[in-house]
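So that we are looking at the same thing, I have put the structure below in C-alpha cells.
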Amino acid sequence: MNKLVIIGCDRSAGEALRSLQETGYCLPEGVIYQPLPCGGSLDVLHVLRALESGAERVLVLSCYADACRSFNGNTWAEKRTAAAQALLTEAGLGQERITYRQVSPNMSADLGAWIHTLINLEPVEAQDRA
Amino acid sequence: MIIAERKPIQEITASLVPYKNVLMVGCNTCVAVCLAGGAKEVSVLSAVLRLALRENQPELTIAERCVERQCEAEMNAELATEIGSYDAVLSTACGVGVQTLAEQFPETVVLPALNTKFMGRPEELGVWSERCAGCGNCVLDRFGGICPVTRCSKNLLNGPCGGSANGRCEVDPVNIPCAWQLIYDRLARLGQLERLTAIEPAKDWSTSRHGGPRRVIRKDVKL
Amino acid sequence: MPNTSVVIIGGGISGVAAALNLAQRGVAVDLVEREPRLGGNTLDVCCKAVNGQCQHCGGCLVAERLRAVCAEPLVTVHLSSTITNIQPAGDTFSYQLVTANVKQAKSARAVIAATGFDHIDARTKGPYGYGALSMVITGEDMERRLRAEGQSVYDCAVLRDVAFIQCVGSRDEHANRGWCSQVCCRYAVRLARLLGARSPQTNITIFKMDIQTAGRDSQAFALAQQEGIRFICGLPAVVRRSEKDSAKAALLFDDINTGQFRTNEFDLVVLATGIEPRSDALQLAETLGVERNRFGFLASQDGAALSIPGIFAAGCCQSPRSISESIVHATAAAEACYRYLQEHTQ
Amino acid sequence: MNKTVAVLGGSADAGWVVEELLALSYSVAWVGQEDLPDSPRSDGLRAYPRSRVSAVSGCVGSFRLELSAPPERAVIDAAAIIVAMGNQRLPLGADARIPAHPRVLSTQVLAERLSAPRQISGIAPAQRQHILFALDMLELSGKQAVVETLELALRTHDTWHCEVSVLYRELQVDSDLLESLTRTMREQGIVFHRLQDALPVVDDSGVHVKHADGVLDGDLLVIAPVVRPRSDSAELAGLLRIALGADGYFQQLNVRSYRPGLSNRKGIYLAGRCHLDADDAGARADAAQAAANVAILLGQDHLQPETVIAEVGSTKCIRCLTCIRTCPHAAVELAAYGQVTAAKVVELACFGCGACAANCPVRAITMKGIDVPVWLQEAALV
C-alpha cells in the first residue's frame, strides 16, 4: 500500500474529512492526515519531510480563493507546493509525488475520491521506469 | 546587506559526488534575511538533497547546523569539535562565509551552496535589488542619493544615455528604471537640478576592485 | 446572564448560528431539531467554486459551526425532537419538548423561530414534467448529487445541452407564490458556471425573468455571460419528451427576438425551484399568534423581532435568504433576543 | 477595559451604527470628514465632525486614532473601530454616453424639483407628460439605486399625476420592499419596459429609448445613480492597515468575512455601503450586524486570544521583517523585549494562520495550540 500524507487546512480539508468520517469512512491504512491551522502555515519543509520519512505521495489541501479565513493562506499553500514541486523537479525526482488540491468543507465526497485515486496509483519510481 | 541565491540543485549534487558524510552549515545573517541560507533553507536544501541522492548515493548523510554569522571565525568555533568527522562542508553562506570556513578549517573541504549576487535591499517581500557596488569612493552626494555606478546599466556618471525611454532602461525596460531619470526626478524634487549642469569628472577607480583585494584598517581600533 | 434560557426552534444554519451567538454571550440555549442531524437544508449544498475561485455560496460556512455548537456547553441540542403546546406564561414561555414520544415540560425566557424553508415541490409546476421526465431535475437534486457523489458526477461528454429554468414556483401569482425566492438565480448561475467549467463542450442556456444580481457580491452573472452561458428572457411554456430522441427534453418557448414560439432540445433541464416557509413555521405562527406576511413568512417589525415580544425569527422563516445572509440574520436575531433578555431580567 | 468604539464616516450608514452602539450602551467616538448628521443626544457620544484620521496605532482592545481637525488635534482611544464611510455616486455627466440635455436628469435633481413648489420647479406637470425612469442604463444598478429610483418614480406618479414608465434590464425584486414596490407601481399603472442595447436619443421633441417592444417616447429621462466606492477609501484603508477589494470597496469578497463585515484585522469592522451594496433597510441591518460584532468582541470582561496563535522566540529572531511583511492581519510588529528588539506577535490580533511561522527563515516562530509532529518540522537527526 502506498503511503500518503495529507497536509491540509483544518478549516476546509479537516472539516471535509471529519464529515466523511461521520458517514463511517476510515482513512485507509498508510494514509496520514496532518492538519494545519491554515494553508498559510504550510512549509516547503513539511512536504519534503513527509517524503523523506517514507511517504510515496503528499496531498496538500487548502481553501479556494476568497474562502480562506486569512485571505491569502490558500495562495501561500499553492505557492509553497509549487516550490516543493519545483525543487523535486530540479533534483530530477519529478513533481508527481506532490499533489495540490483546493477543497472546501462540503467536498467530502471529492476528498474520498482523491484519496482513493492517489493510493491506487503506481509508485512514482515504477512510473518513471515505465 | 549581501544578497545571495541558491545554486541549481544539479550543480550542488554534482559537487557532493565524492563525499559520504556532509555537514551543511547555514548563516543566520544576510543570507537568512534574503531567505537563501538561514536555518530554514538549510533544512529545506538538505531534505531535497537527501531525497535527490537517496538512490544514487544512498550512503550519503547530511547533517544540519546554522551559525549566527559565518564570516566570523569566533562564531564558527562551535563547529570545531565535529567538523573533522565530515568529508565536506556545504555552506549556505555568502562567499565570505564559505572562505572563512575554508580558512578556519584548512583540512576540511568547503563547498558553496549559494551564488553571492550583490549588495542590495528588499524592495518588497520576495524581491531584492542591487543598490551598492562597493566602489570605495561614494558619489551619492552629487546624485540625489541615487547611485549611478550601481543603478545605471552603463555606470554613466554623466548620463543619461540615448537608451532611456519613458523612464526605463533599454537593457531591461520592464525591470530596470533609468537611474538617470530617478536622479533627475529626485534632484528636481530637492530643487537641486542645477547640479546636473556640472560635468562630473572621471572617477578615481583606484578605490574599487581595480587595485586588487581591498582592506580597511582602523588604526585607532587595531592594537 | 445565568439561569436564563432561550429555546431555538430549528437546527438549520440559522438556529445554529443564533445558538452560538447567544452562548457566546453567556445565555443557555435549548436547540430543538426535528431531524436526527443538525444542519437542515444546508447539508445538501455543494461547493460551487470554479477555476479555483470561490463563488460565495456559503455552503462551506456550515460544518465548523455545526461542530462548534455541539461543543458549546451552554447549548443543549435536542435531535429528533419537536415542540408542542408552546404558550406565553407571564414573562416566560412554556412548552413541551417531545423526543421519541417522551414529553418533557420546559420553559424559556424567549423563543427564536428558525424553522427554515421547504423547497417548493417542482411537481406543482406540471407543464415542466418534473417527476415524469428523467432528464428534468431540480437545482436541489443537482446540488445534492454534487455534494454526495462529488464534483465529477456531471462531468461527462453526454451533456451537450443543458437548460436552467428560473422562477419555478417563485414570482408565480397564479400559484399564489408571488415572492422572489432570492436564492435561485444565484444558485442556478453558480451551478451553470460550475458545469460550464467542468465540461467546456456543454452549451448552457438559462431561461429567466430577471436575474436578481444587484450589487457587489453578484459578479457571477457578468462572468457567466463572458463564459458563454446564454440567457434567454422568458420562461418556457412547456417541457416535453423529444420526439426525435427520447433521452432529450424539448422546451417550447417564446423567442423574444423573433416573436415566434420555438422548440429547443436539451439533454438535461434543471428547474431552479424556489423556497417557501416550512409548515412548522405556519403551525408555530398559529399556536403563538405571531403575524405572518401575505406570503406566509413570519412578519417582523424590525429586523428579527416578531409581533409578540420575546419571540424572534432567524433566517428563512422570515424571508428567503442565502446561507451567509441567514447567518448574519441569525446573529442579529440573537442580539435582539439578548437585548430583550437584558431588559426583561432584573 | 476601555469600551469606546470609534465609528468612522459621516454617512447615514454611520449614523445607524452609532444608534445601534448607543443602544448597547457603548461609548461612541464618531468621526466624519463632513458635518455629521443629527443623532440622538447621548452622554455616550462624542462627535468629531469635519475631522480626518491622520494616524492609527495599537490593536484590538486598544486602538489609538489621531485626528486632524483644524485648528486642533484630537486623540481617541478605542477598543474597536467600525468603518462606515458609505459610498459615493457619480455625477450624471461622468459618463459621456449619457447625453447632456435639460431633458435628462439625475434622480437627485428630480427629487429636488418634486419637493419644490410648482412655480419654482420650472416644469408644468401635466397628465400628458411622460417621465421615463431608467435603471441599468450603463451597468446593472445596485440595490440602493434601484430602490431610490423606483420610490422616486412612484412619488413622481403620485405627486404630478403624470405618465411614468420604468426601463430596466434585470428588474430587482429580491427583497420584501422591492417586491411590494414593483407590485404597487404596476397596480398604479406604471409600465415597465425591458431596455435594449441602445442609448437614449434626446432632441427637442423629447427623449426616445429603444426597448424590447419598440421605442418609448417621453418628455424627461431620469437616470438611476451610479455608485462607486468613495475616493478616500484607499487612504483610510492604508491608515487602518485593512484591505480593499479589487473593486475599491473595503475588503475583498471573501465568503468568510464579506457578509458579516469582518476586516482582515481583529477589532476593525465594516458596516454599510462602504463594503456592500444595500438599500437603506439592508444598510440598517448591516449596522446592527456591525454592532453585534462589537458586542461579541467586547461582551466579555476581557479579550481572549484565539486558541491557536503564533509566538516569536525573541532570542532566535534576526529582525528580518519577513513575518511583519507576511502577516495578512497586521498582527506582527517590532517590539522591545527588555533591551532587545525583535518581532512580536500581538496575541489578541493574531488569527493563528501561521503564515509568519512558515516564512520565518530562522524558524524563530512557533504555533501555540496546534500540534505539528516533530517529524514534519525538525531536521533529520543524523
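Each chain carries a letter (A, B, C and D) given by its place in the written order, and its residues are counted from 1.
Here is the rule we go by: contacts are C-beta pairs under 8 Å (C-beta built on N, C-alpha and C of every residue); 3 or more make two chains touch, one makes a residue touch a chain.
All values derive from a computational prediction rather than experimental measurement.
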Central chain (by mean CA position): D
Where chain A and chain C are represented by their mean Cα positions, the distance between them in whole Å: 33
Euclidean distance of C-alpha centroids - chain A vs chain B, Å: 36
CA centroid of chain C to CA centroid of chain D, Å: 26
Whole-Å gap between the CA centroids of chain B and chain C: 60
Touching two or more other chains - residue numbers and ranges from chain D: 253-256, 380
Junction residues of chain B, two or more chains touched: 40, 43, 47, 50
Multi-chain contact residues (two or more partners), chain C: 54, 56, 60
Category of the chain touch graph - line, ring, star, complete, other: other
Chain D-touching residues of chain C, taken from the complex the two chains share: 21, 24-26, 54, 56-58, 60-61, 171, 178-180, 182, 185, 210-217, 219, 221, 233, 256, 293, 303, 319-320, 324-325, 327-329, 331-332, 334-336, 338-339
Footprint of chain B on chain A - complex, ascending: 43-45, 48-49, 51-52, 87-88, 90-93
Touching residues on chain C, where the partner in the complex is chain A: 45-47, 49, 52-54, 56, 59-60, 62-64, 67, 147-152
Residue numbers on chain B that touch chain D, as the complex places them: 28-29, 32-33, 35, 38-43, 46-47, 50, 61-64, 66, 122, 124-125
Partner chain D, residues of chain A touching it in the complex: 7, 34-38, 40-43, 45-46, 49-50, 52-53, 66-73, 76, 80
